[in-house]
Amino acid sequence: MSTVIPHPTASTATEATQARIEGYNFAYLDEQTKRMIRRAILKAVAVPGYQVPFGSREMPLPYGWGTGGIQVTAAVIGPDDTLKVIDQGADDTTNAVNIRRFFAKTAGVATTDRTVDASIIQTRHRIPETPLTEDQILVYQVPIPEPLRQLEPRESETRKMHALEEYGVMHVSLYEDIAKFGRITRSYNYPVRVNGRYVMAPSPIPKFDNPKMDRMPALQLFGAGREKRIYAVPPYTEVKSLDFEDHPFEVETWEENCALCGAGDSYLDEVIVDDQGTKMYVCSDSDYCRERREAGHVGDGGPNSGGPQ
Amino acid sequence: MSARDPLLQVRGLTHRYGRQVGCRDVSFDLHPGEVLGIVGESGSGKTTLLKCVSGQMQPSEGEVAYRTRDIGTVDVYGMTEARRRMLMRTDWGIVYQNARDGLRMKVSAGANVGERLMAIGERNYGHIRNEAVDWLERVEMDIGRIDDLPGTFSGGMQQRLQIARNLVTKPRLVFMDEPTSGLDVSVQARLLDLIRGLVGSLGIACVVVTHDLGVVRLLSHRLMVMKGGRVVEQGLTDQVLDDPQHPYTQLLVSSILPV
Amino acid sequence: MTTSPDTRVLEAGVMMKAEGLAKSFVLHNQGGVRLDVFSGLDLEVGRGECLILAGPSGAGKSSLLRSLYANYKPQAGSVLVRHDNTVVDLCSAEPYEILEVRRRTLGYVSQFLRVIPRVPTIDLVVEPLTVRGVDPAEARERAGTLLARLRIPEALWGLPPATFSGGEQQRVNIAMTFVQDYPILLLDEPTASLDLENRRTVTDLIDEARRRGAAIVGIFHDAEVRAAVGTRSYDLTERKAA
């Protein structure tokens, strides 16, 4: 029986700049729209964690597929940029492949799977394991930008709560977790406080990634297309996960290492490999995993002793 | 400034809804620990008055001044909204007729009680939990139900939960809008006794709006009778009820059905 | 709106003084009929005195007593009360001041028991003490002693008085006032529905209060009680407004 190979190792090199297809504006959006979005981004950078409304456009894909992230990327990308797109940590999922292809066609930019080669990384649900640098921009796709929404349905009220720093209700939701389960069980989209001021939804990244946001050298931009909001965390800005004194914030840990590369420090996905329900754990960040394997690291190969290759 | 100085001072308060007048030229003082009842029929302006004096609705005219713990007497509508909202969730409490207006229905009883503490910066779960248990006990609720949602409680228990949620920050002033109407008579009596006991032992000043003269007789020290947006009579509660001077008050008192 | 403490002075030994007191009722919903009960009424009662209000039924005895308690609002005059080291005019004082006087200085036993439903009897008697800061255990002991003396069976203490007999309710009412040592007591037919034995107990309580220095104004239907507790009589018949 063959084993599912989670991450292909071939065709991962940076692809050369493509010829732009004719008839579209650079990066699809017209210049006025890009300006408008850039103004929103500038404001967002100036007020870290604050949700700036913007005139979200109809994009050639449905809401929920990254329309917010794409508009932000389109506004900041230039001909010399190299774009990486990941979805759940992987470069090869449908969403990631298509967004990468979209910009290759409309902006003619180079694309890559390699974190270190990218100047812009658009992401859904993960932050790369490889530390980012000042030369990079991380663009998050955000479904629900309002961290208070779950507890306060009125937009007028949540805006007021942000304005007046009334954030007690965020701890109410954490309190509920502890009361019910004895610990904070929220594992993704874990609320953070940015620069000691605004409480922000980090998008549905696992809380494992929250510490990476803190004082990250790269600029972090967040785009929510349906909700028409942009927010940002400038480089080297404090991002603190909310918690209680006696129930401090903690990230997930695994007893296993990655079955492919043996990494013990990365976020692992559980993969069911056969009809008997045999599991293996592999890095969610496919590029990180590949780099480690190329450097000679080997995991225990999971359930099949022969390893997946 | 002494403890005798009024806690709340209302002067010339008028509120209009377009051309309609909600309440007209109302003035009163409320002293620490004093319970003021406001009675009147539907549309008499009592709820409008309560909203205006409790910081929920800016009146068209007039002033509401409050003597704070720390910075002296302040104009409730002159201060910043941030400061007013902080005041409202620390030194004040509001108990609504409908528990759904005063509770977070999607979080547990314990979280409802703990919210105000978290709002003022309490970050120790154990402490918040202990306070929630303590307050649920003080309002005579089953602490075994601390993690249940408010929607699973009876109407009387929801009102108790509202009270606990408000009192956890030890407010000096609590506003109540028909706190016992909509409850069974038997539940009403127990709740009234509980409110009276807590308010008395904690020395909380209260403004209670109700159309139920029985409630004000048991709860309030002082009574204001409203009609058509105006205060037609006010004074010591038992004096107003037993020796009403104004025709409307006389009508109101004589309209109580004998049991 | 705060009134300054009344600067009027009461002569030594005088606890309560009514001056020029007038009471009338206007029944607005019955054609504006005006009922004049009394007017120009002067009265004073001193420490250790028990003043009996006398007069036929309808003379206005209860209305006067209620006016002295500020339960009724007199149309004219003043009711001066010695409260701590000050003198308060109940006719012009703020409600919270009147309540403070009632809490510590001025006790009143009405003919009817009016309490929060469903509160146990013992708690009703304990409360006036705990409100004043008496230790709850001590308050309970004092309340129990008094209830026992008034022959309320201990089995009933945990029950609300609503279902009690008229006589029992009357005695609970008396206990709620006599549990603390008020300097001034206003008594409206406190023995009306009591049997002989209990009437004697209440008579004793009133007399003990007077001997410890309380100033008492009372209405007593029973001539025997009047004779036993009264030190002076005040007849309202001639005060009746024309």
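Order of writing sets the chain letters: A, B and C. Residues in each chain are counted from 1.
The definition used in the following text is that a residue touches a chain if its C-beta (ideal position, glycine included) is under 8 Å from a C-beta of that chain, and two chains touch if they have at least 3 such contacts.
Keep in mind it's a predicted model, so treat the numbers as computed, not measured.
Centrality by C-alpha centroid: the chain sitting nearest the overall protein C-alpha mean is B. Look at the CA centroids: the one farthest from the centroid of chain C belongs to A.
Annotation: 47 Å between the Cα-based centres of chain A and chain B. One inter-chain figure worth recording: chain A and chain C are separated by 77 Å, centre to centre, where each centre is the mean of the chain's CA atoms.
Distance from the chain B centre to the chain C centre is 31 Å, each centre being the mean of its Cα atoms.
Counting partners per residue, chain A has no residue that reaches two or more other chains. Interface residues of chain B facing chain C in the complex, by the touch rule stated above, are 4-6, 28-29, 31, 34, 186, 189-190, 192-193, 196, 200, 218, 221-222, 235-239, 242-243, 245-247, 250-251, 254.
Across the complex, chain B is touched by residues 151, 160, 163-169, 171-173, 175-176, 178-180, 243-247 of chain A. Across the complex, chain B is touched by residues 1-2, 25-29, 66, 70-73, 94-96, 98-99, 116-119, 131 of chain C. For chain B in complex with chain A, the residues that touch the partner chain are 81-82, 85, 104, 106-108, 110-111, 114-120, 123-126, 128-129, 146-147.
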